[in-house]
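You will see two complexes here that share chain A, one where it goes with chain B and one where it goes with chain C.
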Partner chain A sequence: MSFRTQAVLWVAQRASAAVLAVCVVVHLVTIIYAVQGGLTASEILARTRGNTAWLAFYSVFVLAVSIHAPIGLRSVCIEWLRWRGASRDLVLLVFSAILAWAGMRAVLALFA
Partner chain B sequence: MKVLVKRGDSFQEFEVPRQPSQTVLDVVTYIQRMLDPTLAYRFSCRVGMCGSCAMMVNDVPRWTCRTHVDKVVSNDRLEIGPLRNLPVIRDLVTDMREFFDKWARAKGEFRGAQTKKDDFAKVPPQSPERVLVDKGIECIGCGVCYAACDVVKWNPDYLGPAALNRAWTLIKDVRDNQTLERLRAVAGDAGCHACHTHVSCTERCPKHISPTAGIAGLKRAVAKAVLQGEL
Partner chain C sequence: MRQHPSYWVFMVHRVSGIALAAFLPLHFWTLSNAINGSLAWTEQPLVKFGEWLIVVALAAHLGGGLRVLALEFLAWREWQKSLAAAAAALAVGVGLALALAL
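After this line comes the complex of A and B, so read on.
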């Protein structure tokens, strides 16, 4: 992998971390606030179904996770497993795709 | 006091008398001269200028000549070993080649555009670039930061704090003209982007330099150059 791509990955990880910092805070505050009154599953679905703002927020959240986590694991692979090269990057690309697919599947299930 | 000295894979125990104002280098010298002449260690200036006497003292990298026993002895016991993250030649002597090769790999040499026929470059001491250079320029290459760095331990290709600090001071040197080549050399998995900002190098540097700050500067400089299409 070229040094340019490595530098772009670093920027992507920092940028996605900044997005996640906001998303995680909003997510935690919202769920803690929401459960105070004892919401049921159907009441949650009533709020999320068809809510485009909710869809947009959690789509960004999932996208940021699927960018951030594999890049972090790349360093873990180097430092803990001494695993480098194309095989590692391919596995992490698949991992990123799985995160995006599973995350968006859950988001769409609550939206549609 | 009981002194445990790392020799190969094991520690050898010595009994060394305490003295006023005794340094760890005094202790090692006492062992070599009075107890076991086969002990190998490295030193030169004895006053904190050359950086050649750096060793692990109770698992912390330090200049032994500037470390008083009183400050580090614990339960009348001292543990001394060779610098971490470097191959050991014998006893307390490490092979520093890889450490200095990494300075070369990080393009640690100055290259200016002017010749001896040109006038002296005028660099105002208070200019922002020169202020940043001054903060990192006093490194004497002792290897303490390199031994303190966990990333070097986990990722042996990592250039390390000293080489990256050197690259940073040259990038901020307005007379040097190989900034882009140097940014290429220090970018990526073996370069500045591998740093986790543990700050161990800054914590341990006997010259109170902050390689961490320089490495952060390199990360920003590389990111800016990549995003602007210069790299």
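After this line comes the complex of A and C, so read on.
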């Protein structure tokens, strides 16, 4: 992998981390607020369905995490598993696509 | 090296990151599908404990990540132990708040 690609991955990891820092704080506050009194599907949907602001927020969250998680796992693969070569990056790319697809599917199921 | 708090914050950051990456596909799948059915299974104590653990992992990963960003982008060097302590405090604080809310 070229130095340039590594630099792009480094910047993408930090930029997505900065976005995620904001998203995670909002998400944690929402979780602690929402779980009070227990969770039911109907209660969750009443809060989420048709809410475009939350739709936009969680879309950004999902896309940022689809960038962030595979790049983080890449470091783990290299340092702990000593997994090098194209197969590693291909698997991580597929993982990124699964996160983006499954995440957006969940966002649309909840908020659209 | 393993005596230094920074080593443990690094380790918690890494392990929580792996746990979150493993949890996310499950989280998304559950949200997409279980929303049409019942969430009663999430009332089991073991599931509740798992939820608590993953939320604490999220808070710990946030704390550890903010520490990394501070180390890389700010000019401090002598603050490392304070940053490690702040990261740990964030995780403990969120853990307690969620335990009270659950």
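Definition applied: the second predicted complex is superposed on the first by the 108 of 112 C-alpha atoms of A that agree within 3 Å, B and C clash if a C-alpha of one lies under 4 Å from a C-alpha of the other, contacts with A are read in each partner's own complex, and residues count from 1 in each chain.
Note that in this section a residue touches a chain if its C-beta (ideal position, glycine included) is under 8 Å from a C-beta of that chain, and two chains touch if they have at least 3 such contacts.
None of these values were measured; they are calculated from a predicted model.
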Using the superposition on chain A described above, determine whether A:Ile98 touches chain B (first), chain C (second), both, or neither. second
May I ask you to decide whether A:Gln36 touches chain B, chain C, both, or neither, giving the answer as first, second, both or neither? second
Pick one for A:Val19: touches chain B only (first), chain C only (second), both, or neither. neither
Tell me which partner A:Val8 touches in the superposition: chain B (first), chain C (second), both or neither. first
One more residue to check, A:Val60. First (chain B), second (chain C), both or neither? neither
Comparing the two partners chain B and chain C, which touches a greater set of residues in chain A: C
Touched partner set for A:Ile78, first chain B, second chain C, both or neither: first
So which bits of chain A does chain B touch that chain C touches too? none
For the chain B and chain A complex, residues of the former touching the latter: 151, 154-155, 184, 187-189, 191, 193-194, 219, 222-223, 226-227, 231
Looking at the complex, which residues from chain A come into contact with chain C? 14, 17-18, 20-21, 24-25, 27-28, 31-33, 35-36, 38-41, 44-45, 65, 69, 72-73, 76, 95, 98-99, 102-103, 105-106, 109-110
Please give the residue numbers of chain C that touch chain A in the complex, ascending. 14, 17-18, 20-21, 24-25, 27-29, 31-32, 34-39, 42-43, 55, 58-59, 61-62, 65-66, 68-69, 72-73, 94, 97-98, 101-102
Footprint of chain B on chain A - complex, ascending: 1, 3-4, 6-8, 10-11, 75, 78-80, 84
